[in-house]
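Here's a structure for you.
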């Protein structure tokens, strides 16, 4: 039940005064640090606490935010963290934190996360796209979703795609990660009625323009059924997949 | 069952020769016109026949393609058609074709489509975004999905958003259509755990650059759970929503 | 033999004076009109006379240039001409001019062109890409090259591509014409060792940006063996194919 | 009174000759160093002396310019200075210089600056936007303006915004600093009749393009009452706020 | 007093039930039409009712929205309306509507607006920038602010600027409108401590890129004290000026 | 002699009062119309009166400005005027106005302009670039400079360039006008020590992007001695050439 | 003969079961590593095994992939490898690997490659373009094609081009490598009927924008017969040249 | 006299054979090194030998090219050289080389260069633009042209410009160097009939986009008489100024 409605009900029932209601509402919603305002209502609104984007934050800020969120919300997810930042978190936040070096992510949860299989498949086009694919897989795992993976199946060798047609067509959601010309999502989407979440990566050179070429390709796909996220945003792709599963399998 | 597998089985069972198998495979897959190759395998691969993008095709081409696809696949959907093209279709293809002038779309189906409610909500930010929102709603209806709509709830008047918080939070999939700065999907996504499909529109002026500003905003959203489609691609948004429903509710 | 060397030889042989040599050289090289300088040395340098780009020239200019080039070089090719310009040419230049309305091109030749088959295949992704594909085919025909065509075999329905694998793999040069996301050349190139000439078209909408999206896709292809020409430049693709054939089959 | 008018008056009163007037005018207006021309008329024209943009200047140049401006104008402000440059200034210009490491700024004034409260509020969307917000606050303080701050109230958690509605609506000028999609100024502006000065930051990744995405969002806002400054230009935002206060409260 | 607080008070005072409160809140906030949701809370939040952006709306939609807003909020402002739309409004909405053909705007108010002089100056660089300057002036007038104007004082003839130095330096807010290279705001801002609101226009050709060149110039100005609005957004500039006046002169 | 100095001298000589001096200064400098401020000091500063850029001005505005400038400055030049505007000028401003339809320009002068030969050569790459080349030639003629022209000598047929080497190398200033890839100025500059003024045109298609491709080519030229003006700015090129001649041949 | 057809024939001949056929097909097509899927069918489809793009792969990944491809396909080519990566390959993959430090490439082959002369010429515009030109030459050598080279013959000194006219006109395919304004391919193509493969490089500064200027120049060339590859893609140019030779000289 | 004509005359006079003539022509024109083709005809065509662009060349290449050019042409100019490269040149090429550390340039000449005064003025807008201004000044000096300089006279303090009006108006050519918004050339050009060569610099931040903002400003200037060179191309500006002087003062 909505914590705000709860407080309003108490106020209506004369259990608390108007001033107390206001105070409770504010405390419940967010916590002010000198350098941040932690949004404790996030779990209510999004079914998951605020995620820490570690890039350009100091080690101390990341560890401090992680501690605060973990205490209040029982879990915490950190993205785009350098190896050095992940090491700092292990030493200063918690030794039991779950770390994925390739994806640059960390996760801690008070309750054990058990994975459920919703037939999510993560495909990447090249070996250099793997860190972003891992970001999606790790994100899904933190959200309780198991996933299968197919790596390095770019369209230059279409046989690799067709060889895996059964796996592709049996998936319910497919996350495709690709740099260079970024044509993989179009090809995959043409082979399956399942939704494709497309993640452009900044891998490439020359007129690739840091992933803009792959991004435009994915947005202009002539095959319908593709949703695009930002360049290198593996986390966003995993999270988006989860929102759909969440909508249709609320018990999970 | 896969029509290709069927043919292969017949071949294996010696019911047909190798030459007959090849011939059958080709016929089944596509039909060559002088100006087009109709992909009759599309229904097998995507659960929906090829969609006709009418812009820059002649009236005759659109009507001819519509007839061919309708005959083989029992339904046909046409997008981005001018009023004049829609009128031509009504006169030359079928008087019973279902037309939406605002969305620039037409649809015909041999079997009646009954709508199912999967709690899809279509929100648009301004009155001028309505044609693209209608495109999404019409697409969903053709695919058998009912949807609710909230029009003109841009963030300049946040109260319009908050006033509708219950409707927003009870939706399972939300399609948000917005031009100008395109910030609506971020705000909506921050208020609900459900997935948001974001459609930038080309509405605006100056540094809007035909919708690129709104597109970039949606891709860079700090709220996770958003999948973006091309500028003015209301059809793509509706189709994408359907692929998710389709994956998790195959009986529909 | 090089016309310049011929004149120099005459000069060396004292057949002509220095002044006569200079005069002859200049006459031979180009012709000055008030609004143009016709490059009559073009046939010597390129094995084909100057081609008239009709767009933004007046009807009179096009017909006048065509007459001058036709007289001196025995053939003349006109590109990017509107239907109205083509009609004017038929009435004012020559009734026997060979016209292709879809491609917006015209051609006249004093000697009959007989077509040779060098296994050139022209593929286009969608019906709306046909005018540009026709431009390539017409250009090739004017240069004496026959070609085969496959229209509307976009990657959204990959079966159309695979169904034609034999035709694709037996071609020696493949010209692929595609708008939207422009991924067709990558897919085709992955299936054949033959060279692929990629022509992006301006077909599409939204973030397609008048063909820039397709252009970038083709330049960033992860499949080697692709040469790209300008957006909507079907003529350039046909001409480029011919230069290769010309280099390796000079007798043609 | 205008120093130029003063000199002209002296000339008119025959107190000085034409040559002396010219000489005085030049001296008063600017000072030529080998590498710079200090604009001493700036205080007359802008009510504040020339500000030193330290980036890409040498330590020696910054300290020398600071000394010259401080002597003539009694105060000096330095922006975009690295920690190392700030340290150099402390050691070589003046130990009493006021330094803000986070903002990369320094300030010295012969007269004590007393802060006045004009209800300026500085809001930033994320922790990583803090340095730019601090730049605005420090600038305001150097100009004698006190300000309140709200940090990390991005729109992904709208409750943080709404929770602070009273603070927001009681401010007379609001400076909003945001990277990523940059939608915060639109949301804030929709909630208050007060002017919003919007500062895009270069925080983000992928299609953010070093802050251009946030910049475009702010320029295209559908909520009127927003003035935009350059990416990462916290100083410009603070200065702009001051010009308005200055215009309407000249005594300050 | 806040209408929402009023309703909550009634609820707290048991004058109305919870259901009545909810109903009243919703009614008061917005009105749902089939094609729009009028934001009646806008006057509360912004001190001015919702403004109708007429471009790309039908005549009927504009007149209908105008009527609804005028009834509830007693005034209505319409921007970016063609001459034909303005004529339609005169005939179908109200004969007494105040129209500015050059600016493409219309305004109606139940109460007479009396203009107050706050020393706002509108400067434009060229004759072709006048429509955008007029948009700012008309907007200010609708908001009760008188303004002075200086037209066609571009920097190519700096004497026109300097000649008007007294007028410039006596203004409290200056709106500068400029296309081409857009350098006028920098020059003006260098001559006065007053704030400059800069409006780039789409006037120019070649590498002007529809006003982007002028926009970038204004954002990169080396003179502090400039706030930029969108290309051709004269309305936004006038509104922004008013928000500042409004903040410091609330009685107005 | 400087008119400002003249007035100041009169003031110093007590011939006029301070108020009269101010009045005279203002009158002499500019003239205020309702829609424009004519800069009558332009002739003093630039040796040529203000030039009227006719595009986006009304017929009446252009004729009125032309009359005012002509009266005060004895000559007037109008650029970028449509055929219809030129006709209006002939009928409403003066029958004796000198008109160039191709260049879209008009010129009137009270004194006869006699042309001087300073060996200026205008080269254009293609027939479609002629209007911009004519703009440069007409501008030069209005400024008293004769010029020679070479049209349609694009680099695709290098012999046309080399054939004219003597003409090229004997020119003192060369204006080169080119669209498409815009490589002509580089080639010309490599063949002569004379300065090359490069004018990109918007002629081309596809990735030409309205002349940006040609513009970038000219700016990045590896041959030094090239100055670039805006896309399609033939007037600017002619004017720039004249400023150099003017600097070194002041008697002209 | 097609390995897939072979397996299908065995199945048809009842030599193998359906399961065995499927298993054989999959093994033959690709090999799954944890971080990559090697496409062993590449030699069948492209007449050359998969090429390893070394940039952004770890040393271990490159050496491991090289080993796997070399074993199965008897040769392996590595591109865009740093000096340090090339050294690692020499020590960990094979001492006999053929290395080109300037081009950043390595190649190993079980069978000796004997070079054939097909009159391929590689021209580069400046000394700094040499690494990309070397990439093309090394690639051609690995594919069995000899090539001639002309370095540093930019168009600023056209005599260098003309001096080499005989060499240029006797080549059957010309690869031109150029940065800065990238005009060399246009000039070369104007002098020969042979095809020109154009490689833009990222050499230059300012408005060169990392090679985009040169790329646009090459795409917009007014001389037909040019195919463009990605910026800095010397490998792609060499490979493309080979595909044409391969098509017309299959015995090679 | 043209060295080519000389050789042709000898051939005509039977002093040399056809083979000797060809050999002599080639030797005279260029010199082939393994990594470069020195263009010894440059002095003939451009009145100055080839200039070495040092960036991205090795120390050895720069010193070797310098030696070769110096020997043949008696002078050599090197641009864009790092401090370390300049030191290497001093040690390995010649101790007497003339070096400018700020400009990153070096120059050696067998004959003494005496400077002539042609009233060239170099103005830069800010202290950080000085290296590019120095590049122009050093280039001019190597070409025998003296120049005056005005540093740090940006338009934010217009008095600095006006204070120097006499110096500005007495110059015959003005090179203006400016980053940020790049408006200085427009302002300067409005004050003088002399030509202005505009050099945008990459100084600035945010939407400056590495100097593109300043470049666009300069190209779109509403004041005629401005020629633009590439971003940071101080050398090009100096060289361009010299070509004009050279054309009109050939004796110099």
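By written order: A, B, C, D, E, F, G and H. Residues from 1 in each chain.
Methods note: a contact is a pair of C-beta atoms (placed from the backbone, for glycine too) under 8 Å apart; a residue touches a chain by one contact, two chains touch by 3 or more.
In this text, all values refer to a predicted model and were calculated from it rather than measured experimentally.
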Longest centre-to-centre distance from chain B, chain (CA-based): H
Per Cα centroids, the chain farthest from chain E: G
CA centroid of chain C to CA centroid of chain E, Å: 53
Chain F-chain H separation of Cα centroids, rounded to whole Å: 26
Computed distance of Cα centres, chain H from chain E, in Å: 49
Junction residues of chain D - those touching two or more other chains: 45, 126, 156-157, 190-191, 206-208, 212, 215, 219-221, 223, 230-231
Interchain contacts, given as pairs of chains that touch: A-B, A-C, A-D, A-G, B-C, B-D, B-E, C-F, C-G, D-E, D-H, E-F, E-H, F-G, F-H, G-H
Complex contact set, residues of chain H against chain G: 25-26, 29-30, 33-39, 41-42, 45, 50, 53, 55-57, 61, 65, 80, 200, 202, 210-212, 215, 230-233
Residues of chain E defined as touching chain F within the complex: 126-128, 130, 150-153, 156-157, 159-160, 163, 203, 205-208
Residue ranges of chain C in contact with chain G within the complex: 45-48, 51, 172-173, 190-197, 215, 219-220, 223-231, 235-236, 239-240, 243-249
Residues of chain C touching chain A in the complex: 125-126, 154-158, 162, 180-183, 186-187, 189-191, 204, 206-209, 212-214, 216-223
